[in-house]
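Shared chain: chain A. Partners: chain B in the first complex, chain C in the second.
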Partner chain A sequence: MRAGALVLALAACGPAVIAPSATQPLPPHRELAVDTTPKQRPRMMPAEVYLRAYMMWFGGLAPLEVQARARGRQLFDAWDDYLAALGLPDYRIDLPRQTQSNTLMLAAFGRLGEALCVRAVEHDLHDARTPPDQRVVFAFEPIARPSEAQFDERFDVLHRGFLGYPAALAPADRAKRYYALFTQVAAHHPAKPKTPLTGEETAWAAVCAALIQHPETGLY
Partner chain B sequence: MLRRTMLQLLGGGAAALATRTAAWAAATPGARSEDEFFIFIHAAGGWDVTLWADPRHERVGLIEPASTDNTEIAGLARWTSVALDGDTETFAPLASSDSKLVLGPGIGALYDLRDRLTIINGLAMNTVSHPDGTVYSATGRHLAGGRAPASSVDVAIANERGTGQMLPAVAIQFPSSFVGEALDRRSIPLRVASAATIAKSLSRSPAYLDSSDRAAITAVLSAETNALAARSVYPGTYERIASQLAAQPLLVGGELEKAFTQKALQDAYPMFDYKSKSQAAGALSAAFTAEAMRRNVVRSVGFALGGLDTHNQNYKQHARTLQDLFGVIATLQGVLDATPHPTRSASKLADHTHILVFSEFCRTPQINLAGGRDHYPNNSALVISPRFRGGVAFGKTDAEQLLPADAKTFADGARPIAPPDLLATFLHAFDIEPRRYLRDGEVVPELLR
Partner chain C sequence: MRWWLLIVVLLVAPDSRAGRRLPEYRYFRALSIDLTGRPPTRAELAELEQPGFDLDAWIATHLGGAGYAERVRRVYMDLLRLEVGPSFAFVPNPLELRRHEILGPAGPENVYFRRGQRRVDPATDGDFCLTADETGQQFPTNAAPIGTAKPVSQATLDARTVLVKPWWLYADYRAALPSDRVAPDWSKRFPGFAPVPGLLVEPDGKTPTTQVRVCREEAQTTETGAVYASGRAGVKKGEPPPAGRLTQPPGDAGFARTNKGRAVSCLSGTGFQSSVECGCGVGLERCVPGAGFVNEPPAFVLPTHTPLGGDAPFESTPQPAAAWERLWWSEEAKHFLDKILLDDRDFRELLTSRATVVNGPLAQFYRFFAGATCCGASADLGYADPTPLVEPAAIPEALVPEDTATWLAVGDRGPYAAGILTMPIFLTKYGSRRARAHVVYSAFLCRDFVADAVRLAPSSEPDLTKRPGCATCHQTLEPMAAYFTRVMESDWTYLPADKLPMAHPACSKAKGQPGACKTIYDPAFPTTLRGAYASQGNAEAGPAGLAAAIAGSPELAPCVAETIAGSLLGRPLAPEDAAWKAELAKTFVAGGYRMRALVKAIVTSARYRDGNDARRQ
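The block that comes next holds the complex of A and B.
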């Protein structure tokens, strides 16, 4: 007992001396690459967003204005017919929102897109030749039989409008595909077509319809 | 039986009758299931089972039977009045020496097909909520956070048997749900509010672009989609869209669009009552179903027949609504009986078409203060299928309260049958492993041939 008390007393009286150690440099920062890979599969845009975008692209129209403009020549009829097919919920009949695309939905969006593109061509390029600053979709000056470069310049306007970025940043063969579509449709329609549009106007409508239905338009 | 026999004799004589009967009986589990067709019908609103599947015509316990006090009996073809109390009359249950089934007058024209009906009574629903009961009946699971936690039975069927079809699963106001990562994206149901919408969506103006232009547009979109799939970390979404795009030229602006218009369907199938007060939309859905199956473009069609949610004086029309509802099904079955199967030359569509009819729950055994019946956690269902035993009723309810009673001893003990059991049995009948789609449920062999 006494010996223990003595050891404790000695320990308390004589503090241990700790020799200073040499400083060590901090380890260097490791460079980590930022992982920018997507962490989630692409998702379908809610139908409301899609439809809102349609209306904005075509001049900020209200739904009933779109319906009125798209009607005629069997292009479109009424929104009510397509609400479920487009993926919108209908709470009157407990029909929930569609979260996945399906064949019929693509067909319904295709019908709507074709109607709006044709009407946009009529407004911007056909009838009274709307001044460029008042064109809502085809905000460029069309030329007859455009070369690939001339087409690309005009295609870029549509690409920026519908997909939100320059065509130059898209995969390299995209513009070529759309140019091939343009030339094919333009050549397919005769010089004096029965349709109200010329061959090249119809071709621009086809390019528009193929852009508005592009998968990048409906996914995020 | 007589009506069916008459149809068969008219259709092809006694030899055909013998062949048909053999085909119906031979369609047992284990037989080929690749070109079977499936129809799922949601009787929306909650039906009164005492008027058809589980007939009650006496005051016992809580039960106030349908009577001339609470039911409009004019126009009810199968209602035969018998005395209930004083001047009040109720109905005589339908019974026949050629069938074990005892049914109520709401069954209407479907009573003629009683030898082909499989009725499931005393389904334990554990819910009186429309959305929950609907999802429970279609998926075997209750709602979780307001969403269906499992795929519905039509999607399961389409995933297993329908991905090769142009339209694997069509849902016309039917509560289809597609849940999970393991399913083929082609089985995502095509949900529409009306059969007429399908033709409208496929329709295109002939005034501007033509079919070759649209084919060129689709080719560009397909190429773009495939290019994006090749560059994507998650190509599945793009691959799904590519497959849906591939179907467009076959669907859009062609023969199908013309065949599926409202007028074309009504002209092709004049036997349906398109002016029915309660089932006009359902009649069009049934006509679409028959036409789509005849053309072999679908595997499964689900649609709704409604008007059954009768909490007040509208209950007086409930029996008539049921009669009209089952009338659509009887007419559809007649069409299927008469229509050749698209891929089996010796068969009719009815030999390889399987119908499941359900509601979200039944209605209370007692009449409420408003003169109607409210929601009740019991239910019945109906199957018309060559793979199921016809002319039988399985399951039961208690005599006084109309609540589900023990149907048999299941693996987990004696209990009533429930929707997961029925769905598991339905999938099993077509060699589909129920556990791939259902968390619960046990196959009920008593229902199967």
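The block that comes next holds the complex of A and C.
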């Protein structure tokens, strides 16, 4: 009897039959537009734009004036040696525009960058010969043995000039890595160098050259 | 409490520098690169960071600027590649003034001459105007003189030559007493105009040249000359040249024999070849100089590259006069395109407009040089005085040949003009009728010819619209190419219907046909001009007919939208972009085919703003 009563009691406690309800969409939490447009990696800046930027960074000089200023100590020879390497088309011979980089092009960018930066240091910083408001690349007041914060402030000027945005928006370690470059180059150049630049001037030239060769400078 | 309020205000006020996100900076940099032709300056970034910065206004401002025009022009220059190199050697004898150095009474001096210049004296006809007896030397073509120079008497020089103050030395060469001689300030007045040093100094290398000695026939200024026939008997094969000559004097062409004494234009090649009265005009303005006797002597110091435009040249080197002409042909197309873009005109005018823009060198070309390649064998069919593709009278006379800096609009080049399609740069870059049609088809309709996958079999079918294996493409190409029937290949000489009808009676003769019946007319299709067989209607409509057909095509607007959008996005449009492309084409058409509205629609679109992953961070 006791067993039968237990079975009845368990049956009485079983789940009630619940009829399924119609499905309802979940209420929207927030709406996001799905961007289905094709994307690609940043593309190369047209060679003409690079050249115009280069002239601008050189202080708005004409190509032949840039060439005249950049020459010397084997930094630069003649534009004709670089134009094809930069990817310019030559319509006369149906040579198309280069839309992909190559090693020769990167080497040309490197050489042009070094020429620009060394000459810009000589023009802007060396012997404080150019008033601050007329400095074209290093538009800041240099300071001996800058702290990291002091470096960052000046690095931001270069970063904006070449990459087009504040260094504060760059990956977190970028300024730190460039500061390391600055201190290393400055430390490895003697106090009385044979070259016309001081150790720290050379360090600024190195930072400039590294920045102008940064992939983001030539891409957009 | 006031300090507390200040803190609240500072916390609530937007920090503009911190407020701009990286994608915004990158979008602004892309806009700057595409609309100003350079990355933003630090000052422009500072503007961007100002609280009230209006990006739409910034875009609107820069959509009217030179950087924007150059950016769009580059898209079409990349497609059309409107420059020609040295492979197109433009050295017609009527234009090229070469020179030999002789020993004059006072020492070495240069004497300018034209190869092929007609002279009455059989000893010098078609050759240098001084004989071996007079100079002690013979002057072979393209080679150094032979023999030992002896002084030429003043009487001989006076008889055979004259002194002229030429256009390349004097800007006022048309004045009675020219005095505005080449000077250092010309580099600012006429930038880019730089004759090679050899044209500016005497053979001693230091005495400035103030006038040049020219063979007397070359110095003539008459507009028309009488057709000259020497009456010399034809030269037999192997017959040696007359004593003192290295080559035979020119014989009488059929045109000269049948038209002796008739007036012929000295601006035409026919006039040069068949009249002893045709020269280089006032101040030698119908000719270009060369500092030497070779085929293409150096004439002007020109930049080898001008990727940033003619006002920012790179290295310059001495180049022949042909390079000077080629440079300005190309600049005409660039300036014409820039004008359409900067004035925000209907982009279809690139193909349809009868207007153009010219500077001094181009004005000289159209007024004095363009006829020099006319009319060749067509003269035998009665076409001796060129019907110009560009009316010389439409070209401003105020422009002197060295005035490179002044660009003036030409409202109407003439009834046959059609945008770039009738510009010398287009007609020489794309020498054949088919090449001309193909590039238009490809650049403005975004279509191309793809060969059918058929096995080619030997065929004698001359009609390519029917020949198996060829027909797939040529059914479309041949009628398009026919539009260029009346413009000579690799040239701008127009073949007018009144002189050269579609079927010429002289070419229907069984025997004794003039040579032009095989060069101008097509022996495979005896009743038509070359190139016209697929569509005589298109042939008569001319390049303007093709321009009208392209301008009226529903494929034009989507093609322009696709081309410009693809260039600004840096990628070809994908199938996913089809709806957007259609929308852009609609915008373009609704805006009267004006480029500014199209570019604005592209650069303000999400596709451009978020065009790559870097801009979406």
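Please note the rule applied: the second predicted complex is superposed on the first by the 182 of 220 C-alpha atoms of A that agree within 3 Å, B and C clash if a C-alpha of one lies under 4 Å from a C-alpha of the other, contacts with A are read in each partner's own complex, and residues count from 1 in each chain.
Basically, a residue touches a chain if its C-beta (ideal position, glycine included) is under 8 Å from a C-beta of that chain, and two chains touch if they have at least 3 such contacts.
In this text, all values refer to a predicted model and were calculated from it rather than measured experimentally.
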First (chain B), second (chain C), both or neither touched by A:P63: second
Which superposed partner A:D35 touches (first chain B, second chain C, both, neither): second
First, second, both or neither for A:T130, with chain B first and chain C second: neither
Contacts of A:Q150 with chain B and chain C, given as first, second, both or neither: neither
First (chain B), second (chain C), both or neither touched by A:A85: first
Touched partner set for A:P196, first chain B, second chain C, both or neither: first
Which superposed partner A:R97 touches (first chain B, second chain C, both, neither): second
Residues of chain A that lie at the interface with chain B and also at the interface with chain C: 37-38, 40-43, 83, 90, 93-94, 96, 216, 219
Touch list for chain A against partner chain C, complex: 35-43, 45-49, 51-53, 55-56, 62-64, 67, 78-80, 83, 88-94, 96-97, 99, 139, 157, 160-162, 164-166, 169, 216, 219-220
Residues of chain B touching chain A in the complex: 130-131, 134, 147, 166-167, 173, 175, 178, 185, 188-194, 196-198, 200-210, 212-214, 216-217, 220-221, 223-225, 227-228, 231-234, 236-238, 240-241, 244-245, 247-248, 251-252, 304
Of all residues in chain C, those that touch chain A in their complex: 17, 21-22, 25-26, 28-30, 32-33, 37-42, 45, 70, 74, 77-78, 81-86, 304-305, 307-308, 312-315, 330, 570-571, 574, 576-577, 580, 606-607, 610-616
Chain B partner contacts - residues on chain A that touch it in the complex: 37-38, 40-43, 73-75, 77, 81-85, 90, 93-96, 98, 100-108, 110-111, 114-115, 118, 171, 173-174, 177-178, 180-181, 184-185, 188, 195-197, 202, 205-206, 209-210, 213-216, 219
